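Several structures are given next for inspection.
There are two complexes below, and they share chain A, which is joined by chain B in the first and by chain C in the second.
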Partner chain A sequence: MNDRKTATRSGRAPDERVVVTGIGVTAPNGVGTEAYWAATLNGKSGLARITHLDPERYPTRVAGVVQEFDAAEYVPSRLIVQTDHWTHLGLAATAMALDDAGVDPAELPEYEMAVVTASSSGGNEFGQREIEKLWSKGPEYVGVYQSIAWFYAATTGQVSIRYGMRGPCGVICTEQAGGLDVAAQARRLLRREARLVVTGGTDASRSPYALTAQFTSGMLSTRDDPVRAYLPFDVDACGHVPGEGGAMLIAEGESAARRRGAVPYGVIAGYGASFDPRPEPGRPARSNLVRAIRLALDDARIRPDQVDVVFADAVGVPERDLAEAAAIGEVFGPRAVPVTAPKTMTGRLYGGGAALDLATALLAIRDGVIPPTVGVTSPAPGCDLDLVLGTARETPVRTALVLARGYGGFNSALVVTAP
Partner chain B sequence: MTMFTLDDVRRILRRCAGAPEGDALDGDIADVPFAELGYDSLALLEMAAHVQQEFGIRIPDDAIEEMTTPRAAVEYVNRRFAGEPSR
Partner chain C sequence: MITGLGVTAPGGIGTAAFWDLISSGRTATRRISLFDPTGFRSRIAAEIDFDPAACGLSPQEIRRMDRAAQLGVVSAREALADSGLTLEDVPPERRGVSIGSAVGCTTGLEEEYVVVSDGGREWLVDPAYAVPHLYGYMVPSTLAVEVAWTAQAEGPVALISTGCTAGLDSVGHGYRLVQEGAADVVIAGATDAPISPITVACFDAIKATSPNNDDPEHASRPFDRDRDGFVLGEGAAVMVLEEREAALRRGAEIYAEIVGFASRSNAYHMTGLKPDGREMAEAIRVALREARLNPEDVDYINAHGSGTRQNDRHETAAFKDALGEHAYKTPVSSIKSMVGHSLGAIGSIEVAASVLAIKHNVIPPTANLHTPDPECDLDYVPVTAREQPVDVVLSVGSGFGGFQTAMLLAQR
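Take a look at the complex of A and B:
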């Protein structure tokens, strides 16, 4: 059996505690972490009827669009022209997160800083624009930056270049689960060779192409009223709506963070992931979410009764809500732990969603308050959960569990604890 | 006859590749390497594409290697005007 205290070649301990020291948020109900948090605690939703295109021709007419966001405030014009709106949101959130952490990347060894982001919808708006030029004007009119703006690793790459972070960078594409998977990857890297990791993710899926593509999932809500369009765990649940934005987080080893005087938000204490079995025709789909939850709790070495809040994945589709409620009930017992879905105020952010949930969980720990789930009024039969409905609930939060399920069968669970 | 000037380079770069911080593009940049101004090979390919579309001349991709500075780009384009029929 290995001596778990033996330091790795780089001097890091394989079981070192990893903490989050900076957060940056670009969300439909707030640009900037504190603006987002204040709006979220007040139950202020960023969901609205789509206005950036005429939604009448689309089945889904409601989305969470980031308001009052001028990329030029955060991103140099050189980078704006070569990146998609999704990466603008990510670059802005990264700048905020680094500032929040009090880190100047120029002062750190370049090969010990890494970037790992979650991505899902990619540079679809940029790509659609270039495809339109291709078919209407010809290939010589397709911009050269299409080659680097569309693909999933664009945000990781641009952050890495902008801040000179040459360590082990990457991107994970597990749809809504990605934000938790990259936090776990950041922890792995910090225990091996990295000193600082920029993690998290953003997403922007509002182009005509992206809206159309999403509709094939069968999970998008077609209700017109923004207040009634996305109601997870409710009797009237009818799907979810897309949202854009997300959160970027700065992760460091705890000892290094404290040495430089950083004040951590919390510890990435435990992680678990699983994959759903292949659906069988004519039979209800089976969920492996329980396994992911148990792995995360075991990894964090905590018991279910020590968890103070669960941030639900909240797909908003009745069968999926039931499966999630059943999984939570199986692990914790009925109505045994507060459950909330502040994503009812932003929509599902895919590549940015779980990162934003993670940031929100850390803020809940910091301030001792659980943000509300909005819009939901009548929990569906079988969803036997202690949902935090309508207003925020003030209560000490020392341990939070974040759940995220990615389309296709990805289940991820992450435990964060007070520093 | 000069048909393509340094101001054209400035204008086209700003439009298709963005501008560096401050007024770095406005000064005496004729002999400053593009790399120093912050423009990589992708930016130059994009500039060349825009020049082709606006002026109707043909610039092969490998011509980028000759355009190390704004002056080199101006001279290359004007040589094209002189020696090659417009599309």
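Take a look at the complex of A and C:
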């Protein structure tokens, strides 16, 4: 290549601070950001016995199901029939987030708005319905919307269409880590070419088939008591409870956000990702979570002693909880930083989980209060953490670290700081 | 820098067999054999005669992995061996993975669904019959996990799932990771194995696939006046992306360089395309700008060319919009005429084809293009390959959800 002509570079501000200016939440313990936040600070759990199907034949009978959610309130009826419950939750959260950010997409340049969401199980309920029609009646019974409702890109596509966002859209699937990975992608896009990015994720692994599949991960709780079913870091930990919902966030470059008078929740200040080596039979699993944390702190130019709270991944499986506690201890020292897992009130939301934790961290910064980890009373030996148990802890929060681990070995860490 | 290639596509296993097929103009489309397609509207596909054991997978791997994962891992092993990369060159923490897929492990999911639902009779499925790897099938991220294990990667790992542009977007994501220094090497590519009843049925329902069941070999007819839909395919392509200086330092053989990447969305319709190709044209312009190239520098366009009525018209308009007069002088071809449309995988397979076109200075043809369509009036390299110098290739993709992606590859 020798006769390339020079043109202007597309990149614009590699160090531009990226802020979150809008949050929308659809969670098992609250629909709407403030309803969720009030419930979370009060320790009100959304875990309950499953009622949307007869759970009796499944080993897991407790879940975090989004209650009192009427898709019609947020999504046009034409779209409701074309999309899965997971996308309804995503469209609703996006509408809330844009409203919260006070931004009208019609007024922004179409190619400078993008949508990047996380998904983990796609439109599994829609998909099971169609696959049932295929196998019980025949191929001609499969509906015209299966091809667009089931696949993992459905929510991103629908959000992009609904708001005329024609920029570089994306979809990342890294199970529970996805919510942080898409926030990092949003930041990348904002620094290169975008003006506003809708990011975050929702999930709804609620179909009978999805419940069955989740059980094979070996990490689901089988306990019937919703209060005792999901106890990460506890001596009584027995796996986690599945949940649905998540959060969508509006991310913008700080200068543009300030220019339009937005009041940011906080700054996406640092990110790091790593992957665990393949577990070998008979040998202890090796985790690279510490490296993800250090990469995120370095990226944010933050020292460990500047971190005010860690939102843990808290998967609820004893050996994995221990590994996470050890990683936090290695970076921060024993009991050196408050650690919390409000997901004990929602269950693990997979593609929506880390996005909701990120939203929660930003709310903690806004209000100077750390939401509690509920249910946990007796931390397991080796989980040498300053867990925020029982009730919320009021304390200034300027810097929060959010951790997420995706099934198979994904580790992601994200640092958010006060604006 | 692309320093290793692995392709598992219809018509033969391995990069050499793939190039042999697409440079010869032969087609790998046929009646579906992976299941009995009687009763389906479209009963044809481009299938791989794939024996995982013969491709080096162990019995445990074969049991654990869905077909899409198997294709991805076999391709990743070929790419790694081809690159000559060692752990001394690049340790695990500096190795990243970016894998694309549109439908993840649907084939495995459907097979297992049939069992737990007793042939589709039970909505409340019986968990007692679930295989231990079922959760691994439900989450598409498993495809990236398997490739990461293959590559001994412990850096950033992601599964990109932007429908039918996933295979271009995943390579683009890998390119960004290397560019930013998040990894020294990224194993990037895509895999999909969608030839299963539910996927075939869902495209039947919207008449997106070709019903030309009587003549499968000639059913995929991009840019032809008589095209009547795409022909489903399967496959995987994986490549080793490496930072330029590091690749040169270790004396790696360099196939080509990624010099530009951009994506846009049409925000118009989940499956429909406006005829003007406006957003794809914008993606092409942005990619050219990043590459600091002019339209006249493009020697060959590796088209999306799916063979649906709307796509080929849409794309033709996009090329004219973005490249102006040069569009009429630029050879354009679609390898989907030969290897079908493997959804999320095809983008990476087409990047591989583009890289090989640069390497061999040969443009693979658009097979089955016999009757020109007045609406598609560019040079589509019909039927036979063309030998000519190829320094810069534009590869594009378009997919459900409205995604439009463009990538520029250059001889270094």
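Simple rule for what comes next: the second predicted complex is superposed on the first by the 408 of 419 C-alpha atoms of A that agree within 3 Å, B and C clash if a C-alpha of one lies under 4 Å from a C-alpha of the other, contacts with A are read in each partner's own complex, and residues count from 1 in each chain.
Here is the rule we use: contacts are C-beta pairs under 8 Å (C-beta built on N, C-alpha and C of every residue); 3 or more make two chains touch, one makes a residue touch a chain.
Keep in mind that what you see is a predicted model, and the values were worked out from it rather than measured.
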| item | value |
| --- | --- |
| Which of chain B and chain C A:Gly164 touches, first, second, both or neither | second |
| Which of chain B and chain C A:Ile148 touches, first, second, both or neither | both |
| Touched partner set for A:Asp276, first chain B, second chain C, both or neither | second |
| Which of chain B and chain C A:Pro59 touches, first, second, both or neither | second |
| Touching partner for A:Ala106 - first (chain B), second (chain C), both, neither | neither |
| Contacts of A:Val81 with chain B and chain C, given as first, second, both or neither | first |
| Chain C versus chain B, contacts on chain A by residue | C |
| Overlap of chain C and chain B interfaces on chain A (superposed complexes) | 82, 140, 143-144, 147-148 |
| Complex contact set, residues of chain A against chain C | 1, 3-10, 53-54, 57-59, 82, 110-111, 114-115, 119-122, 124, 127-128, 130-132, 134-136, 138-140, 142-144, 146-148, 150-154, 156-158, 160-161, 163-175, 181, 188, 193, 205, 208-217, 273-278, 288, 291, 350, 406-410 |
| Chain C residues touching chain A - in the complex, by the definition given at the top | 39-41, 92-93, 97, 102-104, 109-110, 113-114, 116-117, 119-121, 123-127, 130-142, 144-145, 148-149, 152-163, 166, 169, 176, 180, 182, 197-198, 200-206, 208, 257, 259, 262-271, 279, 282, 286, 288-294, 297, 391-392, 399-403, 410-412 |
| Parts of chain A lying in touch with chain B, wherever the complex brings them together | 76-82, 140-141, 143-145, 147-148 |
| Of chain B, residues touching chain A in the complex | 16-21, 38, 42, 45-46, 49, 52-53 |
